[in-house]
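You will see two complexes here that share subunit A, one where it goes with subunit B and one where it goes with subunit C.
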Partner chain A sequence: MLRYLALRLARAALTIVLVVTFAFVVLRLSGDPALIIMSPEAPEEAIQAFRHAWGLDQPIWIQYIDYFTAIAQGDLGVSFRDGRPALQLVAERIPATLILTIPALLLKICVGIPAGIHAALHRNSTTDRLVMAAAVAGFTVPSFVLGLLLVLLFAVQLGWLPSGGQESWRSMILPVITLGFGGAGVLARFTRSAMLEVLGQPYIRTALAKGVPWHRVVRGHALPNAAIPTVTVVGFMVGSLIAGAVVVESVFSWPGVGRLLVVSVSNRDLAVVQCILLLVASTMVVSNLIVDLLYGVLDPRLRAGASGGH
Partner chain B sequence: MLLSRRRAAALAGAATLLPRVSLAQADNRPVITIAVQKISNSNTFDLIREQSNVGERTSSLMCERLIDLDWFHGISQMPGLATEWRRIDDQTVELSLRRGVKFHNGDEMTAEDVAWCFSAQKMFGDTTPDYMGRPGNPTSGPVIGAGSKALPPEIGPVARQRFPSLVKVEATDRYTVRFVNATPDVTLEGRIAATGSEITSRRGYEDAENWLAFARKPIGTGPYRVREFRPDNLLILDAHDEYWGGRPPIKTLRFVEVPEVPSRINGLLSGEYQFACDIPPDQIGAVESRPAFEVVGGTILNIRMTDFNKTNPTLADPRVRQAFGHAIDRQAIIDSLWAGRTRIPHGLQFDYFGDMQLTDWNVPEFDPSKSRALLKAAGYKGDAIPYRLLNNYYTNQVATSQILIEMWREVGLNIELTMKENWTQIRDLSSPRGVRDWSGGASFNDPVGGMIATFGPGGSSTAAKEWTNAEFNQLATQMQTSTDKALRKRIWRRLLEIAEREDPAYTVLHQNASFTAKRRDIAWRACPSFVMDFRASNWGAGIRG
Partner chain C sequence: MSVTTAPVAGSIGATRRKRTKVPVLVIVALTWILGIILVALLADYLRPYGITTLDLRSRLQPPAGFGGTVRHLFGTDELGRDVTSRLVVSIRISLMIAIGATVIAAVFGTTMGFLAAHFRGWVEQFVLMLIDFQASMPFLILALSVLAFFGNALGLFVVLMGLYGWERHARISRGLAIAANAQGYAAAVRQLGAKPLRIYLGHVLPNIASTLIVSATLSFPEVVLLESGLSFLGLGVQPPMTSLGNMVGYGREYLTRAPWILLAPSTVIVLTTLSVSLVGDWLRDRLDPTLS
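Here is the complex of A and B:
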């Protein structure tokens, strides 16, 4: 088990290094922060002074070594625009994003999984079709379209809720619904498919033939076995908690990590972009690691396989 | 009369509340929320570093200049923090400061503050005036995050571009300053009235934690002062009640950054915002379909152009570039994309040039047959001409480019369009460049502040290795130091002939425009600029002239 864990951790670290390296190279080759931050009309001397002050006039490989040396010392760089440590900037924005993405995740789980189970247990019924229609709508309608429709209805027409910003708890409602609706649809689809597959298995028929009540068959046999694909999807959703609201934050003018990422990419604020990518990659890798470990909890066969048993 | 302890405490509490209640009742000025696409590109309000239209919008509320611009009367110069100014000689301007002007920190503005604003410490860093030659190495200094009071190194060169030959600004007494130039310069007053020449408090700077802190909360003399700035999110300004121009009519101005157009409009319609800025022309009808709202604004001091790269072998022949200009039906672009709410200017000129504007000068006439003839004469064989395009960096940019490409194709030009993400990619030298989009302004009321700054010696077009012309450079240099008005007008005509006709550096498309949606019941006028004037003279019943 320890060897398995060590291998997974090594792969996780490699993934993070690759993501950060890719971002480092692409960002530097695709735009000069000096021109973007100083404006294209700035005199050449100003552009040169900016590059010199920030070390952008150094060869890219020297910048790369400097960057990783600094990371090893816990320094994720300083924002060109803000003048503050990138990590501090990003950390300030994380709570704003999490107060949207965590309720949205709960919404996805609380609505999507029960809806998927219900649809599977009532296959081909009117309820099943309604749930699936809503689920398809949920993950096919782009979040910016849904967000704007909700704003038009609840803010402009009815005047019940704010159209954007982060003024009070009421400002959270529309972005959370927008984020949650699509994810709930995805979870409902996955849960339904997984449940239908499990319900068609011989051991379910055997349990029913042995006289086990239907609700106990569902709770004791179907749900645990159908949980693995659902947990995988939930794991991805947990992994995208930090930067999973880029579009919604822009539509609702929500000052979270997603907005910061968009602004920083367009301004080539390299340290900030790299810091966000590092955090996102780390979160995704850790959540996948947890999901892998959960597989073992949910399915004893995988536990036995990992420890070399038969 | 006997009082119980509880009653006495209640009365005491009420007594402490009374003045506050009466104060609150006295200040019944509104709180106004304005949705903007961007508050500041650089996350500071230092206009030397910011260099953007959006920065000018908010900075002008906090900081003012010695010579102001009358936005509602031809953008003419008028007294600002200086009540009058006079020429001592061709190189020196003397200004008398307005007395009793208070900074946001309560200090009185004096000549010492003004001289300090134009000092090496605040503005020029280790740069030197042009006549002393340019330093070979980049200027040095700490980056903005270093927590230092010293200027970031990029500030000095930009400031020096604004005042290339300024030797010093000296205080001759408490309320008089002199700007001394190394060379004769008739544009000195214009430069003093331009962005970047804002006056801030020296003590305010000394009290600030560092350069960045001051750049985010400048202590100026403007009608509003910074209460809070959350970068990329929110700016709150409170009325500066000691403002020399009268008590500001708005208690608090809130600038909210709303990047998406539909979100800005929805917030206006739902009543959360009273103003929504940066409205594209195609949304004007949608907003004005509701009787309670209107869209104000119009042309601004900026002109959209197509720039040519002379180093492209196909474009080396000026006749090919001339063909571009005659192929464009500019009015069709204005009517279809701008709802007719802008205009074709007299070349790269603005009304506020005053006497220097050549009103008989016009852009190349729309004449496709002339374009075809020019291409034939140049022996153009249909070689592809690259067109690097940004995704709506300018309003309507992509739609305009699609129309342009069809118009150019109509006369036989073969345009190869490539979408680019930023200016580095637009200027990239690793593959052939052809035409690109640009917009030109004039930082002050003279051609020197516009076309010459871009296309003249040391301009961004020359630096990008796109276009240069020996005669143009020689005349541009002469124009910068000449004080002979008639000669300057002759030179200006010749510069226009070179850059727009003989050896085109660009072709003008139309004047740019900016639109702001607002509640119709709010009496307020939009400036022909990104500047938003919220002084008493431009609000409600106080609107004058």
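Here is the complex of A and C:
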């Protein structure tokens, strides 16, 4: 178990290092930040001063080490546009995003998993077909199209709900549905195929053959085994809570992290973009780590220290 | 990463395969795909007007049948530009980006997979690490960061989209190549003195091509969605060029007054991704049921 934990922790740390390196390489490859931020006509001394202030006149490997040290100390730079610390700017937006993504995640789990299980247990029934059709739709209709169609219907035509902004709880309904629909479809499809695979296993046949009632076979044997791949997908969804609403926030003019990211990308506010990138990477890594630990709980075989299981 | 067992099970399925009828839905989907490809190829002949041609006297005109005229079949936008013409050209650009990106992803991914399978050792570990990294990060965020740092140009944009999904091809081709290396034919060609490049391109690749094609078909709709999403946000294809997502983003401003600007490209996106997914699922069931 300890070996398993150590391996997983090492891998999580490696991913973070990779992301930081990715940000660093991309940042340095993208050209001289001094020339991007200041106009090319700026006086030479000003550009030199800027380079010195940001440490750009140091050798590249020193810059790399400095970069790591700064990030480790929680210094993620200052927004070029705003002058405020990037981390603070991003942190202010997190609650607004979570207020959308957490209910959406609950919606996905509460609709997707039961629908998938039901479809698998009643294979080829009408419900199964309906669930699969909805899952395919959730997978192929882009969130911005779904969001805009919902706005067209419920805000423009019927006038029941606001089309955007963040005034009351009613403005949350459409974005949450838009976010939840696609994810519920993915989850339903995944749960269904995981269940079907488990139900075809010999141990299910054995359990049935020795006279265990069907509902107990499902609850005691099928569900725990099907949970393993499903947990992976849910883990990915948890990891993308912070930045999973980039498109939907834009559709509904919601002042969250995603909106900030889009605005910062078009303004080329690098410090903010990089801060969001690192934040997303860390949440992703942490949730992957939790999923890996959950595997250990769900699947005793992994506790023996063997690697594997994705 | 348990694809190593795929080809054996796949070939058993293939020999037992019955000659079943093609489902109606798949035929409809194939027809739609064919139609879209034709539209993309013939875009310059099909579009009645230029994409930036202004017709200021008929601005925000509804489609024919909804109060509009046949002159502008799908209506016009705020500047009096013909929606039909823009739609046709958008289909061409979106399709070109998606096909280009899918090809890049398939070639890059397969190369990485083969490299990992051939060299094993630390090369394989490195490729596996990259695969894990890519699979554990939301691609949209990575793409947005690159766009923020580098700015936007069409070439860069296509390459960036091409980085989407390479890890799936890499994973599959690595598994299949390792399995193929253990089989008689690869060993026989190697004994005859063939160079690795010839073994992989001339013998292993044709044997695993069907699986790779299915996997490319399955990732194609995702690339379409990604491209249209980024273009919708105004961070993908830049005006005066137009793409499907771009049109939806523009049409959103006129949601109340002129919903047709947005509905036409939305319909095309949904029907195209749906059709390719249906065909991809069907191909997978026929060619390689082990792939999921």
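Just so it is clear, the second predicted complex is superposed on the first by the 261 of 310 C-alpha atoms of A that agree within 3 Å, B and C clash if a C-alpha of one lies under 4 Å from a C-alpha of the other, contacts with A are read in each partner's own complex, and residues count from 1 in each chain.
In this section, a residue touches a chain if its C-beta (ideal position, glycine included) is under 8 Å from a C-beta of that chain, and two chains touch if they have at least 3 such contacts.
These numbers were taken from a predicted model, which means no experiment stands behind them.
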Inset, instruction - Kindly classify A:Thr191 by the partners it touches after superposition: subunit B alone (first), subunit C alone (second), both, or neither? - result: neither
Inset, instruction - Using the touch definition from the top, say if A:Leu260 reaches subunit B (first), subunit C (second), both or neither. - result: first
Inset, instruction - Return first, second, both or neither, reflecting whether A:Val285 touches subunit B, subunit C, both chains, or no partner chain. - result: second
Inset, instruction - Tell me which partner A:Val156 touches in the superposition: subunit B (first), subunit C (second), both or neither. - result: both
Inset, instruction - Using the touch definition from the top, say if A:Phe252 reaches subunit B (first), subunit C (second), both or neither. - result: first
Inset, instruction - Using the superposition on chain A described above, determine whether A:Ala42 touches subunit B (first), subunit C (second), both, or neither. - result: first
Inset, instruction - Applying the touch criterion given at the start, work out whether A:Ser79 contacts subunit B, subunit C, both or neither, answering first, second, both or neither. - result: first
Inset, instruction - Using the superposition on chain A described above, determine whether A:Gln274 touches subunit B (first), subunit C (second), both, or neither. - result: second
Legend entry - First (subunit B), second (subunit C), both or neither touched by A:Phe50: first
Legend entry - Intersection of subunit A interface sets (partners subunit B, subunit C): 30, 144, 148, 151-152, 156, 163, 250-251, 262, 266, 268
Inset, instruction - Provide the residue numbers of subunit A that touch subunit B in the complex, in ascending order. - result: 30-32, 34-54, 57, 78-85, 144, 148, 151-152, 155-156, 159, 162-165, 250-253, 255, 259-260, 262-263, 266-268
Legend entry - Residues of subunit B touching subunit A in the complex: 41-43, 49, 51-52, 127, 134, 138-146, 152-158, 160-161, 212, 230-234, 256-260, 262-263, 266-267, 269-272, 421-427, 453-454, 458, 460, 463
Inset, instruction - Over in the complex, which subunit C residues touch subunit A? Could you list them? - result: 1, 129, 132-133, 136-138, 140-142, 144-151, 221, 225, 228-229, 232-235, 245, 248-249, 252, 255-256, 259, 262, 266, 269-270, 273-274, 277-278, 292
Legend entry - Touching residues on subunit A, where the partner in the complex is subunit C: 11, 14-15, 18-19, 22-23, 26-27, 29-30, 136-137, 139-145, 148-149, 151-152, 156, 163, 193, 239-240, 243-244, 246-247, 250-251, 261-262, 264-266, 268-270, 273-274, 276-277, 280-281, 284-285, 288, 308, 310
